[in-house]
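Shared between the two complexes below is chain A, which has chain B as its partner in the first and chain C in the second.
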Partner chain A sequence: MLTPPGVAGSRSLEDGAAGDPASSGAAPRRVIQGRSPWLLAFERFRRDRFALVALGVIVLIVCAAIFAPLIAAGTGHGVNTQYSTAGLTATGLPRPPSAVFPLGTDDLGRTLLVRVAYGARVSLMVGVLATLLTVTIGAALGLVAGYFGRAVDTLIARAVDVMLSIPFLLFAIALASVVSVTPLHLGPLTLGQGVPIVVLVIGIFSWATVARVVRGQVIAIRNREYIEAARAMGASSWRIIVVDVLPNVLPTIIVYATLLIPVSIVAEAALSYLGVGVPPPTADWGAMIAEAQSYYQQAWWFLAFPSIALLLTTLAFNVVGDGVRDAIDPRATGFRP
Partner chain B sequence: MTAPTAADEPTPPLLRLEDVVKHYPVRAASRLGRGRRELVHAVDGVTLSVSRGETVGLVGETGCGKSTLARLAMRLLDVTEGRVVFDGVDLTRLSARRLRPYRRRMQMIFQDPYGSLNPRRRVGSIIAEPFAVHGVVARSERRRAVQELMELVGLNPEHYNRFPAEFSGGQRQRIGVARALALRPELLVCDEPVSALDVSIQAQIVNLLSRLQAEFGLSYLFIAHDLSVVRHLCDRIAVMYLGQVVEIGPVGELDVEPRHPYTQALLSAVPVVDPDEGARHRRIVLSGDVPSPIDPPSGCRFRTRCPNARALCAVETPRLEVRPGSGPRHHAACHFPLEPAEPLGAPRRQPPADLREGGPC
Partner chain C sequence: MITFLVRRLALGLLVMWLVTVIVFIIFYIGPGPADVARALAGRDAPPATVALIARRLLLDRPWYVQYGHFLWGLVHGNLGYDYFHDQPVTSIVAQGIPITLSLIVGAAPLWLFLGVMSGVNSAQRPRSFRDRFFTTLALFFYSTPTFVLGVLLILFLYYQLTIHGIALFPGSGFTPLTQSPLEWFRGLVLPWLTLALVTAATYTRLTRSSMLDVLGEDYVRTARAKGLSERRVVYRHALRAALTPIMTQFGIDVGTLVGGTVITEQVFGLPGLGWTAVHAIQEQDLPVIIGIVIVASAAVVVCNIVVDALYALVDPRVRLH
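After this line comes the complex of A and B, so read on.
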């Protein structure tokens, strides 16, 4: 068979001609490995230097979060241990960075380095969990609305409109305040102030945009002939959604998710900054920035390091997100959540 | 009526469309103005049958309702009125579950070799999808079955793991054919399977389809807007105009002695290879555009563009029936059919020399 000229995979005829006798079963044949869209995307991503550097930063931050106890052990200071004499000046102000306190101390004489490291845990956890929740709700509703259309679509589209018209911060503050006073009982789960409620609030408020984007894509895909082909062979709607539609919207979902992580991290920091996020004494960047506000003229490090950590994290996720988008859809023209 | 008489055909047709109608509602004016509800008459009362082993060609301009008719036959769309009868069973009212066994027996080949294959699935998985949907071939056997199918349609079975983007248009169309054949259907509905392909590759696909027909005793409903392809492959040809069949008849009759002026115009558009004949060739160019299917003309729908239209044509819709001078299976819907002997610049029917089975593209 001749290789068609100009076809993307024509190279793989030579590249991938490695024999695969083990899996070919009864009829031993060479197997030519096709180059999947994912593989091609990965190869494009690998050439994106900015994204690779940002990915390195993310890896460092993740390591800091995972090994926060080791960092604490290295300094010999606990997260919540207050060094009221060694950690505070005579006038009760935070101590500047030194050999004992590498990034200085906070207003209660706690070691800033350890607290910044532990703060990464909250940020990353909320960022990832809230994004997962957002994307799951948004993608599921978007798929159903886009594929089935009609009344289901109208219902979900209106729900999206309603969600997008509610001011996020106002509602989030109200909900979080209410919950912090009277915890919410959901079956065996009790939701008080803390990470779960923050995740829930962010998820509830972010799915609408994802649903809208996914719905639009599904509507475009629904009329493709390969969907008709699947229907003609008798595949059920659910099978078509999972097997044929989802893989085609997955790239969009993944790009959206990577770009939603920094948004969620900032949202969590904002809630904690306003005092309705993660309750003290949990180390949290947003809460630390809020506390540092009163001290920044005397203790710049108290404000600087949590802020830098937050900035670096969101920046790195954004750059990686852009890189993923460019890799997955090279023709995309910079859409953002 | 188009139904062949009992003497013609002892067995009932495999597929029979009875007075099939498909109307789409559209809103005419703006949303605010609470627009009038109007109907697009995509298919308006088509009766057509396909017997076992027969190939029926369906030709007509873009937008005449051919593809809609194909989708109605496959029940990818629901009819507004009429019945779709497959092997004696009315499919139009069957639930999705009851329909599934019939899905196995009729399959479709699509026009767009790029749009009809999921770009994110490997070819092996695309061709094996019918097995998975119907749970027929054991998982361990599927790969071998897929490779047999690939060989059958002239693809390299080693390309099992490739993605659609790694194939040319002709190869992709072969993938579509392999997928359609996987369940060993009795009827294949081909919706312009070659119009998106290069001419040289068209011939290969047409020959592949005709070889498969001989091998598996397939019946085809073959849609095209190009009469020359249809003449090569089909037993009978139906000509559609604005949602209706205006003429239907066997190859050798309809295309040699068309009775409907529209068919004549279509035939005159077929290019003539022989220069001597080309000099005698009379090209009929129809004036005007196809009228809107939202508000089709009264009486005969073709009258607005017909050179022979008279007063009667606006009043009475001509029936699709045998016209004096035609064979018993040749029906035309025209009040003033062309004379069979009327000289026509149409080419003779000849097997085109360039339609020869080539290697896989």
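After this line comes the complex of A and C, so read on.
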């Protein structure tokens, strides 16, 4: 049976009653098998053809990111190798797609195909890490605020209000640019311009929505009988939060996480487009689009391929996110982080 | 109602104060006062000049003196002076605001119209071809990063049209409304379209789900049973009830966009608030960045209060919370 680990435990009391006869060999009688909500969700997702295609696209993009060095080896060109004679025209403009440069070259005579493939690494890495950070901070604060209530709740709710009033992009570019001049020292860590600071900036400015939603859900269930029962048995607050409350808000958290990945990818690309994200010469889609904007009249490929890659990635993640949401909560339509 | 408003205003002020604290922390522990003075003085400046600049900008004083000075100015409507040209930040902000507002004023009706109409059309026949068409379109624009859409519009609607002899829109730049209303309009069509298409996608989804809820209500069935035309049922009876979440989202979006048109302004070279902020950041001109961040946050806070007040006016239950 396909159940994510960690959830199986809390569900085993209800589902286990139906038994696990599948392993007992050739039993001719029909056995009704319990299906966990997760299995039901998985089966619903499997029937969503649109989402499956998008998942296929994501797998391809992930492969491109992982095997970027192989793509580079295949063309024989490095990510940052500049072919100033072969890769640029006599007037110093990028070269159109050809057998030697499959997607053409960029303004410095670098191979676009290789750079687009390497760009997937930054996008996916930031997308996943920033989402993890956002969801971790948001869920932790939401759980604590919702469960404990009173002063803690007020404090966190005000913090959420403040975070939602702050213009994200302005603050993010300000913070990222400050850090690029003077690196931030966090204990043994030194954060300068690059992936870690972009992840941190996106995480800091996006947790509020997650916290608000999780808090609302926790408030709705914190006075249920089974929580009171756990309390009566002497379970500590932290145990109740982790063992009894968290599994119930987990579906919401997962839906938010899948829908936040494309948002984080776009945020990273936007920061790099504005020149405060991942510094050059790292291959990055946002930065490539910014550079290509000066050459769109002469070199459409330079603008087109990074744009297509970015658009395809966010589109695929959004379709999968919608599929996951419909699968986990079939009644919800159109809700968005 | 009055207590509700007072409480909401107090909360807004608290939020604004916390924003100033966060801004101050970022920039105080960020570049650090010593770096700022040195950067301003230039590479070869003698230490005396650096010290003089630091003293003049209060950079040599402890943080609470600096913060107090900053807050005092803020309360009196003074956002300080920019580091490089000694211009008051308020006048720099005042130059950017008309451009950002022009952008929002034109884009907002457009996205509201596109989003609500496509959402209503989707909800009228769920799972029909029309529904799938609009939801797919919404998903596409929702996934499109603003700068990708902006650059594509420049490529096709400006460049391709212009080289084929149809120069409808300029590629970038801003003409004030007072100077030439026609040029103002022409220059803003592409930015408006960019902003509206990207934002409308959220409204399509929101309107669709909100309308689907409302169209299932009893009173809608009653309206149909009375023999009202479908158009009247949908637009007069159902849409009115479905508009509440849409208006909330609209208020929030307008507030957020005051500081959120950064990318659109950058793509189209419109020197609004966002563009000014990006340039101030490249120059490390802290007072300007701080000023714009505070103005943009204030816009969000004010719009939220307006939305809450309208809500309370429409639905008395809200006032109790």
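To be clear about the criterion, the second predicted complex is superposed on the first by the 304 of 337 C-alpha atoms of A that agree within 3 Å, B and C clash if a C-alpha of one lies under 4 Å from a C-alpha of the other, contacts with A are read in each partner's own complex, and residues count from 1 in each chain.
Just so it is clear, a contact is a pair of C-beta atoms (placed from the backbone, for glycine too) under 8 Å apart; a residue touches a chain by one contact, two chains touch by 3 or more.
This is a predicted model, so every value here is computed, not measured.
Trainee: Contacts for A:Y83 in the overlay, against chain B (first) and chain C (second): which applies, first, second, both or neither?
Mentor: The answer is neither, since A:Y83 touches no partner chain.
Trainee: Between chain B (first) and chain C (second), which does A:N248 come into contact with in this model arrangement: first, second, both, or neither?
Mentor: first
Trainee: With both structures superposed, pick whichever of chain B and chain C touches the larger number of chain A residues.
Mentor: C
Trainee: Contacts for A:E225 in the overlay, against chain B (first) and chain C (second): which applies, first, second, both or neither?
Mentor: first
Trainee: Per the contact definition in the header, classify A:Y295: touching chain B only (first), chain C only (second), both, or neither.
Mentor: Neither partner.
Trainee: Of the two partner chains, chain B (first) and chain C (second), which one does A:A235 touch, if any: first, second, both, or neither?
Mentor: In the superposition, A:A235 contacts chain B only.
Trainee: For A:R35 in the superposed arrangement: first (chain B), second (chain C), both or neither?
Mentor: first
Trainee: Between chain B (first) and chain C (second), which does A:V266 come into contact with in this model arrangement: first, second, both, or neither?
Mentor: second
Trainee: Is A:L170 touching anything from chain B or chain C once the two structures are fitted on A? First, second, both or neither.
Mentor: In the superposition, A:L170 contacts chain C only.
Trainee: In their shared complex, at which residues does chain B touch chain A?
Mentor: Per the touch definition, chain B meets chain A at residues 71, 74, 76, 96, 99-100, 103-104, 106-108, 110-112, 115-123, 129-130, 133-134, 140, 143-144, 147, 155-163, 165-168, 171, 176, 179, 183, 359-361.
Trainee: Quick one: which bits of chain A touch chain C in the complex? Just the residue numbers, please.
Mentor: 158, 161-162, 164-171, 173-175, 177-179, 181-182, 262, 266, 269-270, 273-276, 286, 289-290, 292-293, 296-297, 300, 303, 307, 310-311, 314-315, 317-319, 322, 333-336
Trainee: Applying the document's contact rule, which stretches of chain A touch chain B when the two form their complex?
Mentor: 1-2, 4, 7-10, 12, 25-27, 29-37, 224-226, 228-236, 239, 243-244, 247-248, 250
Trainee: Touching chain A in the complex: which residues of chain C?
Mentor: Residue positions touching the partner: 11, 14-16, 18-19, 22, 26-27, 30-32, 35, 139-140, 142-148, 151-152, 154-155, 159, 202, 205-206, 208-209, 212, 256, 258-260, 262-263, 266-267, 274, 277-278, 281-282, 284, 289, 292-293, 296-297, 300-301, 304.
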